[in-house]
Amino acid sequence: MIFNLIAPFNTPEGLGIWIAAFLTLCIFSFLYKDNPFYKFAEHLFVGVSTGYYISIYYWNTLKPNLIDELRKGFSALGEGNVQKAFGLDENGSIIAEPHLRMVVPLMLGIFIFLIFISRKNAWLSRISFAWYIGVASGIAIPASMATRVLIQAQGSVRDFCIFNAGCANAAGLDPQTATTSLWINSALLLIGTLCAVAYFFFSLPSKGVLKAMNKVGIYFLMISFGASFGYTVMARISLLIGRFQFLFYDWLGINI
Amino acid sequence: MIFNFLNLIFQIQIKEGKGPVFLVLVLFICALVFFLDKARKGASFKIRKIAGLDAVNEAIGRATEMGKSILYTTGLETASHIATIASLTILSRVAKRAARYGTRLQVPSFDPIVMTLSQEIVRESYLEEGMIDSFRKDDIFYLTQEQFAYTAAVEGVLIREKPATVFLMGYFYAESLLLAETGNSIGAIQIAGTDAVTQLPFFIVSCDYTLIGEELYAASAYLSEDSSIISSLKAQDFGKALLWIFLFIGSIFTFFGSVKFLSIIGGSS
Amino acid sequence: MSNRGPLAVAFIAGMLMIGDYFLDWGPLNSYAEWVQKYYIIIAAFAIVLGVASLFKLHLGKLKRKEDGWRYSIVTFFGFFAMIVTGLFMTSGDLTGTKHPWNAWLYTNVQLPLGATMFSLLAFFIASAAYRAFRARSLEATLLLLAACLVMLGQVPILTGGVFESLPEIKQWILDIPNMASKRAIMIGVGLGMMSTALKIIFGIERTYLGGSEE
């Protein structure tokens, strides 16, 4: 072990390291039990992170997308250029800069606050929420169908394409020689997928063939969960090693 | 002006490659409408037991008997995430039962819009149960939008308030294990539900009951006891059954060299 | 009665986004692009609500001198430190998160706190494994076995004989049973998401809107 100087206290960088080390130990103290040090670190974290996000939202979102656009819009209006003020060109087509069209999200944003001012105006805030959630739902429907359902179905069917040269070429895959292990693997993949899908049938009682499929499905699910669990263990340990490296090397200057 | 408008309408074109998605969507909507119509005509639909959802009443009852609170978290996503919306609909069912039994319900929120929606939903649930005077708006609060700051704060709430029942419903990231293990350490009964595939193993290992993927979306229908809403589960199962048959037959035909099934779902040129 | 307007708005908003996915039409596609900006602006407004809630919670604690009220002062201190350095201070051209003091706070307070919370997972994963890996049923045994095989396959500390195949076994587990399950879960989730989203757009599910003006 080689001892270097401990991080100097009297420079901004050194002071920063001491504070980071102190806060790191405060969080680690939670492993023993709840204590004033953890409570201090937790409350500081909440305050600092909320302040940080306000800063981000203002400089990255509100100022460039709303405040500056509205300012430009009112400026154009002041010059008498109504079309430009609303983000339209001479032909009435929409241009990239929205200007006063940003009044729409401004109003939707203000409506959200109304629920706290008066319950009589709560219906206006519900319009904002309904729009917000309606848009999210509209985006999610084709996206979930394409990325979660169809892509998985494609993958399942494509697994069997590799055994046939014509099919493989059409699907953009390399044809493979049909070995026993490849057959078994493909069959297991299909059986596992079908049985696990069958596990999620809600409106059919679990009897007979479906019961057997459910059992097989749950076995596949458990193997998958175990595999995911085992796969992430190393990643989590490396995070801990990272913190120890900071404490030992950056803070205490101990090279191990 | 009418000419310009018509001209505009005639400019509409269908995007390439969206055929399979459109076909499946239309089939699904038809199924939804069909089963909804059946429900409105009085048909009742039986749903198989989902252990985690059957345990909801038991879990709330446990909190009531112990004189402790329920903690409900809607996950670490915004209200634009469908899992969060599903969690909010489950929250309304849980809030109704909590109101009925007079059990305190705390909802620490990650997102301010989710917080506002949660307040309205819980308030409405208490109102429907005739318990509006018991509604505590301060129990539904915002913490922060930083992942681990939120986790640290919720862990603090768990350790200090020691709720008897914890619901972890929504979309979670790496902090799922932190929350679930802390809940476990205080002896709470935990019911989790997420569609985050990477976090399911941690919930399975640490929680008493876990709703796996689609079960989260089925939960609100299951708990609603409203046949119009339950009819959507029949539509989901219909879609699944169609897909199951397609995968089975499609795989066999593809094995023998057919490209047809792959081209139907857009998997080949 | 009071929710008819919002339900109509949800329907129109949803259908426009579905339309944008399938249709190539200038006005609709432009609208869909602008929706992304509208969204983040509404989120930015909503943070004010969040901060109001946070203030109410902690001011209430301070006022009533509730258990742990002193820590609320710490929250306010951290909050205002970030707000002042991030919103009101400038250093030449540097403002916001680029201001040296704000960046210093972020690097030496927020980042280490987040990284340390993340690192707690190593301890929690060990405690979860210790408690859960008791093979009480076939399902639990399969979970335990798969986890052990994948862990050993990733870091081959055992060598020689049958242990040489551990990396291959690990890869097989990830490629076959794991892939099969993940596909099934994704398919179910996709259908579930579609169903929930359609219920919202068609107004079948309306609990998210809350309720009355009472």
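For clarity, chains are labelled A, B and C in written order, and residue numbers in each chain start from 1.
Keep in mind that, in the parts below, contacts are C-beta pairs under 8 Å (C-beta built on N, C-alpha and C of every residue); 3 or more make two chains touch, one makes a residue touch a chain.
These figures come from a predicted structure and were not determined experimentally.
Q: Name the chain whose C-alpha centroid is farthest from the C-alpha centroid of subunit C.
A: B
Q: Counting C-beta pairs in contact, does B-C beat A-C or the other way around?
A: Answer by contact count: A-C.
Q: Which integer distance in Å separates the CA centroid of subunit B from that of subunit C?
A: Centres of subunit B and subunit C (C-alpha means) sit 14 Å apart.
Q: From the C-alpha centre of subunit A to that of subunit C, how far is it in Å?
A: Centre-to-centre distance between subunit A and subunit C: 5 Å.
Q: I need the residues of subunit C touching at least two other chains; which ones are they?
A: 18, 21-22, 27, 39, 42-43, 46-51, 54, 68, 110, 113-114, 117-118, 120-121, 125, 129, 143, 182, 185-189, 191, 193-194, 196-198, 200, 208-210, 214
Q: Specify, in ascending order, the residues of subunit A that touch 2 or more different other chains.
A: 27, 30, 39, 41-42, 45-46, 48-50, 52-53, 112, 122, 129, 132-133, 135-137, 139-142, 144-145, 149, 153, 156, 190, 193, 197, 200, 221, 225-226, 228-229, 232
Q: Counting only residues that touch at least two other chains, what does the list for subunit B look like?
A: Residues 18, 21, 25, 28, 80, 82, 85, 113, 116-117, 120, 143-146, 148-149, 152, 160, 197, 200-202, 204-205, 212-214, 218, 233, 236, 240, 243 of subunit B each touch two or more of the other chains.
Q: Which residues of subunit A touch subunit C in their complex?
A: On the subunit A side, the touching residues are 12, 15-17, 19-21, 23-24, 27-28, 30-31, 39-62, 65-66, 94, 98, 101-102, 104-106, 108-110, 112-113, 116, 119-120, 122-123, 126-145, 147-149, 152-153, 155-156, 185, 188-193, 195-197, 199-200, 217-234, 236-237, 239-240, 242-243, 246.
Q: Given the complex with subunit A, which residues does subunit C contribute to the contact?
A: 2-3, 5-7, 9-18, 20-22, 27, 30, 34-35, 37-52, 54, 68, 71-72, 74-83, 86-87, 95-97, 102, 104-123, 125, 129, 138-140, 142-151, 154-155, 172-191, 193-194, 196-198, 200-201, 208-210, 213-214
Q: Where on subunit B is subunit C touching in the complex?
A: Answer in residue numbers: 8, 11-15, 18, 21-22, 25, 28-29, 32, 36, 78, 80, 82-83, 85-86, 88-89, 92, 109, 111-113, 115-117, 119-121, 123-124, 127, 132, 138, 141-149, 151-152, 160, 174-175, 177-178, 180-181, 184, 195, 197, 200-202, 204-206, 212-214, 216-218, 220, 228-229, 232-233, 235-236, 239-240, 243.
Q: Which part of subunit B faces subunit A closely enough to touch in the complex?
A: 18, 20-21, 24-25, 28, 45-48, 50, 79-82, 85, 113, 116-117, 120, 143-146, 148-149, 152-153, 155-156, 159-160, 197-198, 200-202, 204-205, 212-215, 218, 222, 233-234, 236-237, 240-241, 243-244, 246-248, 250-252, 254-259, 261-263, 265-269
Q: Under the stated contact criterion, what part of subunit A meets subunit B in this complex?
A: 27, 30, 34, 38-39, 41-42, 45-46, 48-50, 52-53, 112, 115, 122, 125, 129, 132-133, 135-137, 139-142, 144-146, 149-150, 153-154, 156-161, 163-164, 166-167, 170-172, 186, 190, 193-194, 197-198, 200-206, 221, 225-226, 228-229, 232
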